[in-house]
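In what follows, a single structure is set out as structure tokens and then discussed.
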Amino acid sequence: MKKDLIAVILAGGTGNRFWPMSTDKSLFPFFNKPLIVHSAVSHLPKEVTRVVIITNDMNNAVLSHLTFSVPSITVVQPAARGMADALLSAKTHLQNSSLLIINADDVASASYFDDVIAKGQKEGILGVVPGYRAKHYLPMGYLLTDGKAVTGIAEKPGEGNEPSPYIAMLGHYIADGNLLLEELRQTKSNEDNVYEKALSTLMKRHTFILHPFEGDFASLKYPWHVLDVLHVLLETLPNHRGKNVEIKSNVILEGNVYIEDDVRIFENTKIVGPTYIGKGTIIGNNNIVRESHIGAGCVTGFNTDITRSYVGDDCWFHTNYVGDSVVEEHVSMGSGAVLANLRLDDGTVFSTIHGELISSYSNKLGALIGKFVRIGVNTSIMPGVKIGRGTFIGSGMVIDKDIPDDSYCIQKSSYTIIRNKKTVAGVSRDEFRKKL
Amino acid sequence: MKKDLIAVILAGGTGNRFWPMSTDKSLFPFFNKPLIVHSAVSHLPKEVTRVVIITNDMNNAVLSHLTFSVPSITVVQPAARGMADALLSAKTHLQNSSLLIINADDVASASYFDDVIAKGQKEGILGVVPGYRAKHYLPMGYLLTDGKAVTGIAEKPGEGNEPSPYIAMLGHYIADGNLLLEELRQTKSNEDNVYEKALSTLMKRHTFILHPFEGDFASLKYPWHVLDVLHVLLETLPNHRGKNVEIKSNVILEGNVYIEDDVRIFENTKIVGPTYIGKGTIIGNNNIVRESHIGAGCVTGFNTDITRSYVGDDCWFHTNYVGDSVVEEHVSMGSGAVLANLRLDDGTVFSTIHGELISSYSNKLGALIGKFVRIGVNTSIMPGVKIGRGTFIGSGMVIDKDIPDDSYCIQKSSYTIIRNKKTVAGVSRDEFRKKL
Amino acid sequence: MKKDLIAVILAGGTGNRFWPMSTDKSLFPFFNKPLIVHSAVSHLPKEVTRVVIITNDMNNAVLSHLTFSVPSITVVQPAARGMADALLSAKTHLQNSSLLIINADDVASASYFDDVIAKGQKEGILGVVPGYRAKHYLPMGYLLTDGKAVTGIAEKPGEGNEPSPYIAMLGHYIADGNLLLEELRQTKSNEDNVYEKALSTLMKRHTFILHPFEGDFASLKYPWHVLDVLHVLLETLPNHRGKNVEIKSNVILEGNVYIEDDVRIFENTKIVGPTYIGKGTIIGNNNIVRESHIGAGCVTGFNTDITRSYVGDDCWFHTNYVGDSVVEEHVSMGSGAVLANLRLDDGTVFSTIHGELISSYSNKLGALIGKFVRIGVNTSIMPGVKIGRGTFIGSGMVIDKDIPDDSYCIQKSSYTIIRNKKTVAGVSRDEFRKKL
């Protein structure tokens, strides 16, 4: 007899590497919807009969209000002890069922759960594991596979040692969940890899097959992954004009631009899609906005350039460059402030996470800025720098390292005032006017 | 028998709180005319038979050349000892007349002298006092009134203690000037309030009535009041195109824009009215100018934003932000210099006047810059900062306090030069070009 | 019997005052061709029967590949010992001929070699010396002349002591080269003026006549002379659109703009001629480019202003001001970086060459930047400053003196981080939105 299919959505992680972003990862908003809607809710296969969301203390209140077309519950994972612990926390709800294990922080450019389930429901198969091809090596789990069966997972094999081009994605289908739960209970590890170990063990005894995913895929872990997730989601964005949208003269809209209601776009501005503009946002004169997300209630001011960036709700700009950057909500930047996105040597941008220098695997990365940050005029933030929530930064400064939450960065003026003995040279400004 | 009506125009104040502006307040130019023309000359009621202008040492030479449709004289007030002293200085010229007492530094969005006189010329009334409603508390005199009669003036009652919503404006009508002059002579005070005290005394014995003024009103005292006065005057500005005006393609003119002769406006620029552009001024490419005054002979250069600001004659800009600022004549700003107009905390902007921190009652206030100032490239001037006449400020600086006249602000470079061991990464710029 | 006419092209100078430019002066590229093509190759008179190019160690390899319509050879001058030495180095190739002596570093707005030869080939004349009128005194050789005959050369006579308005140009025609070579051999001098001394001696015995040149003329010696040469060459530039040129909407092209193949120009940009845009270059949105040279493979980014400047190949900009500046190839500037081109006092810009302060004779001069330089965001380079090849300059800095080759300019951040006790004022941003 075919078992019930439960979608288990993992949303219990604490996101402690996600600072300075202070929104829960699964709730991080894209296109005015939390990430979990993009990753799980809107792709739920029709074969699923129940949903179990593993949550944490912080996000449970919100996530318990999510509604699905089938019954759903949330289970709070007592502490963030990894994925195996998450599943075991909910084991009473997962008995005697097939499982589709979904990560709330993972997005893909196309639905693949239906295909995974279709492959998994054939005779004699215990599991289906999707895999995708990254553009460059990533320190993640790579699948051991002949292209059809999956026989194991190699954790962070090191560049050049990848056993296959496929990185393990979640979206696992397990025909008999009891087998998995039992294996999880018996597996011990000092590392956060109990789930992968248990799965590898099962793969030795049972048939797991590969679902090669051909689209783009991203997972939210470090704050700059907001840009990767955004990139994946933007690809799916249709062209759209909301109600009460005002577009002034000589505005150029190129590609798919999703414009919510009550947006106003001023003259001589160009928007290159795929780009999302949130409700009530004002895009000022002579702006350029390219492949970006701009939340609701923002004002970009005169002459701003927002390129390949995520901007949350209620942010204000004025003559800024926001390049390859993540700016959470309620951030303001003074005129001439710049989020630099390229090192002088064009090198890969690194960022410090818990004291460790982590590669962004990109040579174009700007700043990562938490909520309620204010940045003074003509201030420059260096590539990969993170600014904590609630921090104020003065004017004319260069910020080259991370700034904690609720800080105030002050730079003492060091100028000298002397008597001005210079007078303006006899050059007539009329001469200059002739050159105009 | 009806008395002669003399308009007494008070222009004898020294404006010692008006620094760094060095033009006499009554002569401060708006729309190529001194303030006194806007405040008094152009509103002179037909009932007035003579004009007496109380001047000071500095402005008398200019003011004695003002012409009216009726006979006029100037009387130099020996020292700036207040309004009572000003009137008494001219008492021989004011005998046996009715008086309309006008402040040369006050402007209103509509003429009200005619109404004041009409009300005052009824039987049994000694005086008429106009009052206006400010948007917020101001440290000025508030009228004691039942809405019709005025029974006294409460000086700076403190916020919440206002006896009425009406702030005392000048434009007082006094049917019998002798009574006022006599009272002024007898009144003693240690403070600069003899006039108000005398008026209050008269109000106990005679009927004074209120003229509620419903329009906008402003008085020039502190340098940022130039913006208040400008705001009032701009409301009255018609749409106008002078002779020999050149407007290039894709220029957007919105609202009332008064453009004097020989102005040139370059491509992709937007001007939002009410705005005044002085004779021969060049507005460069890709500018935005909003609700501002730009004097004659200016050049705004490429990509400048002038918003809610006053700019005098012969100023040069290039890629600047001039927000909520006052820039007197012959000022030049280098590329990227910014006059910041908003604190990081959005708080009310204060400015120091004679050592005292004075509220501007505004959270949007930029810089206040005297004549012949030069500001280097990428320099930032903080909100409410005043820059004295003839001062030069270097490049890349942040100026956060007032700078005296004729100063030269220098900042020593503090960089270190080491051997460059970095080389440009192997990333092909061709990759970057693909993203363009 | 009429002698053979040999064009001697002097290209052996080392250009040690040309730093930070590292291209040989005669090879410095304008319009994708080395200077020598503009100065000599393309103006070669039909009377010339052979060409002798005096080269140096460095440029001989390239110059030996130049082709002319007549036979040519290169002669390497062993060391840079001046012009007399240059000619004597090649004396075996110059026997028994007439000579047209051309400086590879000199350009003129019109061909004049033909006229010089025509004048020189009349009976009884030994030489023809062209002279031009500069706009202001230059420390060069001035001709002693009655307007027809030239009787001597006064070296750097000092301002006010010029014997005539004519500055000696090269392009000398010598009917009997043997006389010149013999005189050069016999002339001794402790200074680098053997050629001028020898010529002056010959002028006492033989007839030399003046060719007054009425056009513009420039010679490449100091790095800012690139702008003078450019100015002369731009005057000759036709209007041109290459193949596969993409010009987006609302692009304004004014005057002669020479656009090479594969150029793309984005929206809301204005280009004022005479201007040259090299092959494959991308001019971004909302730019202004005026009277400038932009090499091949450049990207100007958003909102850049390039005015009266020379930019070499493969340079990248983004929201920069490049005014009256020379930027050699492979230079990148971060967003908001400015090359300032005007002193606060509008004074003449000086630059230090070998420890000596040299006047540029101009009050508008920006920076002079060698190859492979990278400049950080919001950095300001002061007028007349030279940046050596391969140097990196950090962000938010002010560079007010020359920086050697291969340097890394670092500025230590000096900000303090305190606890932010400020909160955002209760002012509703909704109030601000109303003003938009």
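A, B and C label the chains in the order they appear, each numbered from 1.
Everything that follows uses one rule, which is that a contact is a pair of C-beta atoms (placed from the backbone, for glycine too) under 8 Å apart; a residue touches a chain by one contact, two chains touch by 3 or more.
Remember, predicted model here, so these are calculated numbers, not experimental data.
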How many degrees of rotation map chain B onto its copy chain C on CA atoms, rounded to the nearest 5? 120
If you list every residue number at the chain A and chain B contact, are more than half found on both copies (same) or fewer than half (different)? different
Rounded to the nearest whole Å, what is the centre-to-centre distance of chain A and chain B, using the mean of the C-alpha atoms as each centre? 50
Multi-chain touching residues of chain B, meaning two or more other chains, are 250, 268, 286, 303, 336, 344-345, 374, 378, 392, 394, 396, 411, 414, 422, 424, 429, 432
Please name which positions on chain C make contact with chain B in the complex. 250, 252, 268, 270, 282, 284, 286, 288, 299, 303, 305, 314, 316, 321, 323, 336, 338, 340, 342, 344-345, 372, 374, 378-380, 382, 390-392, 394, 396-401, 403-404, 406-412, 414, 422-425, 427, 429, 432, 435
Please name which positions on chain A make contact with chain B in the complex. 248-250, 266-268, 285-286, 302-303, 308, 318-319, 332, 334-336, 343-348, 363-364, 374, 376-378, 392-396, 411, 413-422, 424, 429, 432-433, 436
